[in-house]
């Protein structure tokens, strides 16, 4: 039987990061970290305040939403995480927040337009806002269907989750992901900053254009392209 | 004669929470905690700065606004608290703040529309904004009449205070309540967040719709319904 | 010869309060404290960062702007303070900040409308915005004329500085005062909060009305009237 | 061979200031400090988080972008710094941030209008927003061309970099400079404040005018003119 100690520790620290970065209050939000070798993931327990969270409280769940280890009930959003891990094989961590500006765009039911290099340093597309689900899907297996709503949105728009590591759920809020839980939190923080910058830019100049293609490509490529020269 | 030590301590800590959460400055705001067995409540003394507040400063008052214990004058809003405790039997604590975004909606004399799941996780209705009182009521027993203004608003709109734990007073600010003083503060903080999110969403998209009914019910029920599965 | 030690200490602490409350950055802003018995006042030295300020750096100046004690040059706004002390006999302290929302209204060249009880708890009028000075007055004895611009504004509008303890200077920023330097800082902080609330309320609802007269009188009187019952 | 220890230390401290002042998150932004005697400058290494930065990580580069000392790769924006140092002989430090309000104006592709004395205390002109580069320049030697875009903007508008110590790059963000790296950070912080004040003023009153010339001259001259009397 595998030991989940390190996975729990990574998940715990990523969750505490959500709180330290001001992306959540009280018990809002959750982060998970996957172990691909055992097809299980660690996730925040449901409704536990961050100040009271401890590494041993983290719950281990498999991709069919069964608890493998842990005494507490896992996050109510667990099925959304499971669906994303099962369908998107290259992600190692997922974060869900109710960060203010990200939620505001989700409540506005609008994509966040790519308006500057801060955005293009991380992704080459507008941050997609998936529409609210149909009443049938909401009344059914809601959190599972939330996952499907996300993957459907990416499929319909032809987006690659490896290049667009974040999404807004209309009237709800953001999900972000990455190679591990820490990067999922990083993308959540960047999303909040990009959401705030786009909000302010459009308030200052409602006619402000999107970033031109040449700048989108340049900034994304210098960080993520074959000949990337950003970082060490 | 009962000892009010624990009640005072709970009231003190809830008041300090208002300050720590950034919902008040200086001497603004007040929280009370009720003891139903003796029909008395503990409340912040009037005009005392939070940095100087101590548990023994908390004042004990009955539902007829008579001081039962304490050397200081109770909050100038005491009669509003007394009225609410007397009329709404299931509340254990009340908080009043001048939190910025909550006050801004009150000054705009507008209900806060339910625009996202953050809101629906806590209540299924727009946050009601009670209209400013008539001149006669203001010139009369003002703080007592403020309580009546709140209960009248709920009666006229057919709202249940157990399901809508918060209100705005037009041109003044918010009152929130809950099963105890700590939850009243929690609802005050959630209200401020919901007020800020709705403000930003409408700035981004003035035509942004309210949350659809299916999502309102789903999110409220998973936290508060008979088959709730949020939390431990 | 009088010792100015206590006056300097009070002035120093009030200045540090400006910084702690987030009303200034770097060397911006200044607070003074008057000693009516000697017709002198203590004021922040010019261009000194708050982190480097010490009580002994505070400069003592008389109402004719002559330095009475201190090695440093007094604030460049000293003449404005001197004029206000000389003309308004009941004030004990003055604070000048570049707090963001207060400055924004000054740059908008608009009075801050009285829109809520937070405002009416402190004053019964819109916060006046004095117009920018004529070119002749600017090119002349600028800081002295700034004081005249403030007292002229109050005289022309029939305002009483004892009841309206704050003003905006068009395109510049706020001055506030009170019975002592600490209260001048308190009024500066309240002004910033009121400026932010009015800004947000008008963004939410551009047609939001001013507070009705009965509420203005009620809230001001319960704190400042003959039968005030707020505080201890 | 010269020792760069002090230059690295000054550069390190200025970079840490960016982070402490809230002008950057994660690895965003960079500050450099020049040594005119050796025509080299110290600059932040690329992609290193501020919490992990140490003085010995700072990289020394010459004006032809060659690393003179240091084991890490210098900032990806190094060529922009080199160009500015080579062309503008009187600057001692340069700072680049992604501060929120500064970026918002850059994304709006608008100059920041001079609307108050806070602005005029530091410069007499609108903060210029250089247009985004042509596709050819972006695809070419991008960071070098970014420098040219800045100096071209100043040349075409007849601006003096000694009097206008900051610029916005359209859709990107701000660069600021000064006599040393600490002053470059100071100008970045002032720019962010001025950007926020102008944003708010225009939201309150879209027709709010620019500051009148007499006030611009007065405020700039009392701090920077021949007969300056601000400071010690």
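Which chain is which? They are A, B, C and D, in the order written, and residues in each are numbered from 1.
Just so it is clear, a contact is a pair of C-beta atoms (placed from the backbone, for glycine too) under 8 Å apart; a residue touches a chain by one contact, two chains touch by 3 or more.
Since the structure is predicted, the reported quantities are computational estimates derived from the model, not experimental observations.
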| item | value |
| --- | --- |
| For chain B and chain C, chains touching each | none |
| Distance from the mean Cα position of chain D to that of chain B, given in whole angstrom | 47 |
| Inter-chain centre distance, chain A versus chain B - centres from mean C-alpha coordinates, in Å | 33 |
| Residues of chain D whose C-beta touches two or more other chains | 203 |
| Graph class of chain-chain contacts, one of line, ring, star, complete, other | ring |
| Chains that touch, pairwise | A-B, A-D, B-C, C-D |
| Residues of chain B defined as touching chain C within the complex | 25-28, 45-48, 72-73, 76, 98, 100-101, 103-110, 132-133, 135, 138-139, 142, 171-173, 199, 202-203 |
| Touching residues on chain C, where the partner in the complex is chain B | 115-118, 186, 189-190, 193, 196-198, 200-201, 203-205, 208-209, 211-212, 214-215, 218, 222, 229-232 |
